[in-house]
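These notes open a run of structures that come right after.
The following pair of complexes shares a single chain, chain A, combined with chain B in the former and chain C in the latter.
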Partner chain A sequence: MTAIEFLQIDFPAMLAAGLAGVICGLLGNLLVLRRQSLMGDAIAHAVLPGIVISFLLTGALGATTVLLGATVSAIVAVVLIEGVRRFGVVEPGASMGVVFTLMFAIGIVLVSVFGADNVHLEPEHILFGQLENIVWLDASGWSDVLSVERLLTLPSEVLLLGGVLVMTVGFITVLSKELKVTSFDPSFASAAGLPVMVIHFALMIMVAIATISAFTSVGSILVIGLLVCPAATARLLTDRYQWQMRLSALFGLLASLGGYTLGSLVPLYLQLDFSLSASGMIAVFAGLMVVVAALVSLRRRNQVIYEFNPDQAGQ
Partner chain B sequence: MLLTGVQAPVWAQSSADSAPLTVVVTTGMVADVARGVGGDLVSVTSLMNAGVDPHLYKLTRRDLSRLMSADLVLYSGLKLEGKMDAVIARLKKQNRPVVALAESISSDRLLTSGDYAGQYDPHIWMDVSRWRETIPAVSQALGRLLPEQADTFAANAERYADELQTLHQSAQQSLNSISVNNRVLVTAHDAFGYFGDAYDIEVIGVQGVSTESEAGLKRIETLVGLLVERQIPTVFVESSVSRRNVDALIAGAAAQGHDVSIGGSLFSDATGPADTWEATYRGMIEHNVNTIATALGGNPLADSLNPANNSSASNGLVMEVN
Partner chain C sequence: MVVSNQFARFPEHSIAGEHSPLSVTDLGVSYSKTPVLWKVDYVVPTEGLTAIIGPNGAGKSTFIKACLGLVPTITGQIEVFGKPLAEQRELLSYMPQRSTLDWDFPVSAIDVVIMGRYRKIGLFRPVRKRDRDAAMVALERVGMGAYADRPIGQLSGGQQQRVLLARALIQDAMLYFMDEPFAGVDAATELAIFDVLQSLEGEGKSVICVHHDLQTVAENFDNILLLNTRKVASGPVEKTLTFKNLQAAYGGRLRGLADIAVDGHLATA
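For the complex of A and B:
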């Protein structure tokens, strides 16, 4: 493999995966702490009716209409999930399960009612990207990596994820204290006069935007895995919020780069006749990190772990 | 890893280079055209091999290396390679030589698919006369890369086009021998639209044009009713599509006391196994025509284009029928 090939194929894919890893690592924390780890999976399914309706309204599957429909659908989903949880008095997992299966089913019914069978309306086709699509053909040498002007020619997926990362870090920094208190002790936060609901919805909308952007760039399995595994790994290794955040972002990055290297670069280096799916390998790598962390944390068993629930981390 | 000290290579191959042009293609059908026109002057690599479904195929890291280092990329087009669109679009944006064979067929010769306008049925190779129309585009693309060999490519193209013309006519002859009542082809998915159009056979696919759409119960039920009502005796499976739905049809018809048999396995979206004659486009079409004609009570092809088949072998086929 030549330097130029690395720059054109592997560099942009690793950059996209790494950005998605850090974004999901950061937001995944707050989901794991709120026992809503599977929010990524829920959103991945709940976007279907929004996509179908925006297709029926506009008659086309442009990138903007798809993203808009998906985002509106995701916001409806997070509101419904919270509603079912509160008024149905069920645990968050059950509430997510009810809402996303219902919305996905509505989407499928819409597709068959409006006879759009022959149009590819599955999220798999129009919303979910894949790492192998992200190639930077404009790259001509290492100097490109240092030039802002040249970096702007990176694939749109990478630029989108870069923007979302800035947004995510900004959101978490500005609302740092509020997010922390409402995650660990909502009733205290409420008593202290914090708008718990507003903060919760703001977080969920942020999660919806971030996951949908990540879906379009790197695919669903990767995002769902990266929202859960790095945060769960960090949760096994620390009880301190700040460290939880830092470790989770770091593990997200590590899983992305490690998984990509194992799936794509190592087979090439060994001159094997195949490569593995990069997204699949990243998700596997992230899962293995949880296993290793669980073994390491056995030593910490005598400490009481309040928030972590192994049932959820395994999902 | 292994990057330091390696200088950027020149991507564009100089036309004076004596090494064969690297042509990367998506399916075996496209590979056959590339080999037919390019001859010894090209080295053709196909990303998808036997039994691979192009509607669902996803690129791997290895495919990317091949695509990026290719002198010419040829693909079928009309969204057949649905999951590769993004990368193909990016290659085109760089003005790299990327050609969709379907682009050389005028839109009035294309069949629409589904209810929405602007979406065409991508399975154009099923009609040999339409597939033949894609040859000039390949010859021109190769000629532009190696101008001094343009005449060779043009001559190869003519010879290959003649072969396909012969194939088209003998396919017509063979399929015309099927009695009018028997001219119904029931297959796993809607890949045979152009085949039916060109050779005057009614085509019914269980799944839609893309293999990704699921056949609903209602569709199976309708088709079972059709099989029973019209007493259609034979259905076909495809090498690159699950036979689950076709089996459901047979079971459904059997429940209504109508016996349906499988007429054979057809090559629809992928060519046959490597190192067989069916691995080529011509071999695949011959296989399909022979299978369909025989199963529906017609005569198989009188002759084969297979260079390994001497005339005695093809005589054997004819004699068997006579």
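For the complex of A and C:
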């Protein structure tokens, strides 16, 4: 494999996966801490009718069409989930289950009714992403990585993810204390006059944008793994809010790069005549991180008991 | 009509600036088919600590949530110091029930206390050193200064309760709503919390507690509101915590009502 090949094929894919990992790691935190981990799952499914309808209206399936249709769909889903929870008097999980299956089903029916044969709405692409299809044919050498002008010729998926990362970081920085208090104690926040519902919807729209931008490249199943696993891993290793955020972003990045390396680069290096699905390996890697972190934290807990010395335990 | 009745007994402008901290008229709340609160009228006296008591499911927590605008009300008006709730939020402080919170949340004690300053800091603005300093003062006031950086999951129930109290204190309000501040705390914490409540009263602030421990009501509170979906009785503790009222609220469900009632000797006689 030459440097040019790496730059053209692996670099953009790793960049897309890495960006998706960091974005999902950061936002997934808030979902896990709010005990709404399944929201990513719900949104990832509920966007289908929006994508189909916007395709039917515009006749094209560009990145903008997908993003716009998907975002509108996601907003409808979030509002419906909140509505069903409130007026249906059911627990949030049930409400998500009702809404996202219904919307996903509507999407499937729309595809079959309007005969979207010429649409590239392959179910596999939505489920598993197209990481292998993200290529940077304009790349000519390592110097390209350092030139902003050249970087702008990266595939649109990567540029989109870059933009969404900037948005995500801005969002959680500006609303840092509001997101913290509404996650920990929404009643208190509401009594103090904070717009709890507005913040909730803003977060859900952010999750929707992140989910959509990530799953056009890495797939809707993988997105769920990236939203939940890095945050869960970090949760097992720290009790500090800032570190929870940092570690979760780091683990998101690690899962993406590690998974891609195991799936694509290692088989290539070993000159195997097959490669593993990169998106699949990213999800596997993310899941394994949770297992390892669980073992580490279990061991740490046991050590606390063995090494506890009541005579030295001061305050 | 109930409303005019209320205003007759508690004229809205008795003395300039002497509005009741909280005036509730015809409050009705329902989560499903049966009402949780029904036609509750209550005016909190300007002085003294107030306890809301009543059996499980009497609507005590719902009452304070309704007063804070946290649950939708079906009927009724709520006035805080003579004005609608929405205009008076900065005068209110809320201490939720400890058991309703997620104590596995990765924050330290001081982080939780600083949340009490968020309203003052304002939307989008960052936490500054003076906010941390204020939080530290509040933690020391409840005897938790040494635990500022401890993750909340590693604190005992009593310590967690003190952290919530510190957060309520830092809001610097005029009217404090506390939901079961004494639930499941140790004796030392109970004393520490009562101390803080008394000092708040001394500063001219009003405190309304949902309280379940009937044994300590007469000793520590001045006014009570006895609830069981409807208002059973309200007024100064020495006149209201009577055997008859307690029986009306709790029915035959509670033994030893006579020992708790201020006029218990009459009941046993």
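As a convention for this text, the second predicted complex is superposed on the first by the 267 of 315 C-alpha atoms of A that agree within 3 Å, B and C clash if a C-alpha of one lies under 4 Å from a C-alpha of the other, contacts with A are read in each partner's own complex, and residues count from 1 in each chain.
Just so it is clear, contacts are C-beta pairs under 8 Å (C-beta built on N, C-alpha and C of every residue); 3 or more make two chains touch, one makes a residue touch a chain.
Worth saying up front: this structure is predicted, and the values here are computed from it rather than measured.
Engineer: Per the contact definition in the header, classify A:187: touching chain B only (first), chain C only (second), both, or neither.
Structural biologist: second
Engineer: Check whether A:235 is in contact with chain B, with chain C, with both or with neither, and answer first, second, both or neither.
Structural biologist: Second partner only, chain C.
Engineer: Thinking of the overlay built on chain A, is A:177 touched by chain B (first), by chain C (second), by both, or by neither?
Structural biologist: A:177 sits against chain C, while chain B stays out of touch.
Engineer: May I ask you to name which of chain B and chain C touches more residues of chain A?
Structural biologist: Counting residues of chain A touched by each partner, the higher count goes to B.
Engineer: Which of the two partners, first being chain B and second being chain C, lies in contact with A:3: first, second, both, or neither?
Structural biologist: First partner only.
Engineer: Contact-wise, after the overlay, does A:217 reach chain B, chain C, both or neither (first, second, both, neither)?
Structural biologist: In the superposition, A:217 touches no partner, neither chain B nor chain C.
Engineer: Looking at the overlay, what does A:244 touch: chain B (first), chain C (second), both, or neither?
Structural biologist: So A:244 only meets chain C here.
Engineer: Please name which positions on chain A make contact with chain B in the complex.
Structural biologist: So the residues of chain A touching chain B come out as 1-6, 8-10, 112, 115-120, 122, 125, 129-130, 132-133, 135, 137-138, 140-141, 155, 263-265, 267-269, 273-278.
Engineer: Looking at the complex, which residues from chain B come into contact with chain A?
Structural biologist: 1-3, 6-9, 11, 58-65, 68-69, 82-83, 86-87, 90-91, 93-94, 96, 113-116, 119, 208-210, 212-213, 216
Engineer: Residues of chain A touching chain C in their complex?
Structural biologist: Contacts found on chain A: 33, 35, 89, 174-178, 180-181, 183-185, 187-194, 235, 238-241, 243-244, 315.
Engineer: Which residues of chain C touch chain A in their complex?
Structural biologist: Interface residues on the chain C side: 31-32, 65, 68-70, 89-90, 92, 94, 96, 100-102, 105-108, 111-112, 115-116, 118-119, 121, 123-124, 126-127, 146-147, 151, 153-154, 167, 171, 177.
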